[in-house]
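The following pair of complexes shares a single chain, chain A, combined with chain B in the former and chain C in the latter.
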Partner chain A sequence: MSRLDDALREAFRSQDPGPDFTARVLTAAAGARPKENWWGAPGLRWAMAAALACVLLVGGSIEYRREQEERQGRLAKQQLVLALHIAGTKLNLARDRVQQLNAGD
Partner chain B sequence: MAAATNAVMGHEALPDFASLVRAHQAMVFSIALHYVHDRSAAEELAQDVFLQLHQSLADMQSAEHAARWLRKVAVHRSIDHARRSRFRPQVGLEDAPEPVTPAAPGDPMLSERLRRLVASLPEKPRAVMVLRYQEDLDPEEIAATLGMPVRTVKSHLQRSLVMLREKAGRAFTPAAGRPDLSREMGEVE
Partner chain C sequence: MKYALVLFFAIGPLLAQDVKLPADIDKLAAKASEVVDVSLDGPMLRLAGRFLSNNDPDEAKVKSIVGGLKGIYVKSFEFEKEGEYSPSELDEMRHQLRGPGWSRMVGVVSKKAGDNTEIFMKLDNEHIGGLVILCAEPKQLTVVNIVGNISLDDLSALGGHFGIPDIDTGKEHKKATKE
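Presenting the complex of A and B:
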């Protein structure tokens, strides 16, 4: 332990604030609004959880319905393309048949 | 429930707010005073720290936890205050009156000189010195309080002590008819 250490300890000894410090702090604390720990309130926490669950449920069902509709749309499109393809083939066959009949005349 | 848990874990139960203020007001006020070197600003800072404690009282687990929390918040608030006000010592080191009698530990002039020298340090080394010599914390505890590596704390301590020895020595040079304090103080640690 050096003399500089001793001198520093002496220089940095704790000091008391003014005599009315405690009273001032307690008065200020009494007037201060307590921290609103709203997330810590148990009732509100459950309500928030329920609201979040509702939002997730509604959002999920909307998304599910949207996906269903999209799938049905894709299926209908595929069926339409197939029907057009069949119709086209049949028309081609009919046209060939008519041309053959005309050529025989 | 929390008190029972604390008792089981060997922690002292949390006293009421007024008791905490009385028990730690000197510590909180002194940290601020030694850091900002301004009595009224230090009182204001200390009051703010206790008001913050009042708002966070539910989070305190034990008396020791509250003491550690107060020490940490006091230091950080002091650093913030210094940053905001760009605090510099109101009297330059060159203007500070020099002691006319041989300096020794316990000499109020020497103490004031050392406090001014420490107040002239940059933020972090100043906080390290206050915690080391006011709170008597070891480097590991200082590192935990300030959130910095132990190596950095040791380096700040070492450099600050070298600077203090140099400047305090210069202020008490034998040429001025006064004792060479740096020689008298000898080696540190």
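Presenting the complex of A and C:
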């Protein structure tokens, strides 16, 4: 075998960690606390969720009202155009009748 | 005071409309093949005006005209056959239009075509404050009520916009006669 095999075998050779290994691991695990972020507090998390929900609700409501208003406005514009068209047509009819009468004279 | 305010807001739109359309006229809708019912009060006209573009010359002109109006009310019934409505349907409205301020500017009865067109105007200090058109044709009955400050030039300006035909207001009379 090569020298590389020997080196690997030496590196992976099992070693005895010592009699207090288990105790050392348990002591270290008990002392280690998970790192807490400022946003990790449960109360704050709920408050943030509620605030986000409020923002979404208000934003959605504003958008809905804007869309409703736009729909109403476009409908009103169509009705306005139709009303003016009918008014113009009927005025034109009256004008034509008057002109016919004048032409008859 | 509270009741006065409630009363004001309740009858406000009715006062703005000034001339009331006959209550029974809506019954004609059952017999009509086509019905047009447009009711735009001041706030709705302002809302519609916001959707008229300033960049489009036609729309901009209409926008300026609409600015002086307080309401537009149109009812038009089209029937499949003649004789579906009584000529007296509009008598109630004609009676209202005999009131102070109103003048019957045009009244044309065409026996040949069988139609009767009347135009009433309300004058407020030499300005036209309202216009009512009653048009009874054999198969169509139309009532137009325009409330607000409009001038004959404004009416003339409506011609050609959105396919609205030209309206002769005297100034264009020669041109119209030539045509």
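Here, the second predicted complex is superposed on the first by the 69 of 105 C-alpha atoms of A that agree within 3 Å, B and C clash if a C-alpha of one lies under 4 Å from a C-alpha of the other, contacts with A are read in each partner's own complex, and residues count from 1 in each chain.
Assume contacts are C-beta pairs under 8 Å (C-beta built on N, C-alpha and C of every residue); 3 or more make two chains touch, one makes a residue touch a chain.
The model shown is predicted, which means the values in this text are computed figures rather than measured ones.
Asks: After the superposition on A, what does A:A32 contact: first (chain B), second (chain C), both or neither?
Replies: first
Asks: Identify the partner contact of A:L8: answer first if only chain B is touched, second if only chain C is, both if each is, neither if none is.
Replies: The answer is first: A:L8 touches chain B but not chain C.
Asks: For A:G43, using the defined touch cut-off, is the partner it touches chain B, chain C, both, or neither? Pick first, second, both or neither.
Replies: Neither chain B nor chain C is touched by A:G43.
Asks: Using the superposition on chain A described above, determine whether A:D16 touches chain B (first), chain C (second), both, or neither.
Replies: It touches chain B, and chain C stays clear.
Asks: For A:V98, select first, second, both or neither according to whether it touches chain B, chain C, the two together, or no partner.
Replies: A:V98 contacts chain C only, not chain B.
Asks: When the two structures are overlaid on chain A, which partner does A:R24 contact: first (chain B), second (chain C), both, or neither?
Replies: After superposing on A, A:R24 lies in contact with chain B but is clear of chain C.
Asks: Hey, what residues of chain A end up touching chain B and chain C alike?
Replies: none
Asks: Once bound in the complex, which stretches of chain A touch chain B?
Replies: Listed in rising order, the residues of chain A that touch chain B are 2-18, 21-22, 24-26, 28-29, 32, 34-35, 37.
Asks: Which residues, counting only chain B, touch chain A once they are in their complex?
Replies: Answer in residue numbers: 17-18, 21-22, 25-27, 29-30, 33-34, 42-43, 46-47, 50-51, 54-56, 58, 103-107, 110-112, 114-115, 118, 129-130, 132-134, 136, 161, 164-165, 168, 184-189.
Asks: Considering the complex alone, what residue numbers of chain C touch chain A?
Replies: 36, 38, 40, 44-45, 47-48, 50-52, 62, 66, 72-74, 76, 106, 108, 110, 113, 115, 117, 119, 131, 133, 135, 142, 144, 146, 155, 158-159, 161-168, 176-177
Asks: Note which residues of chain A are touching chain C in the complex, please.
Replies: Listed in rising order, the residues are 69-70, 72-74, 76-77, 79-95, 97-101.
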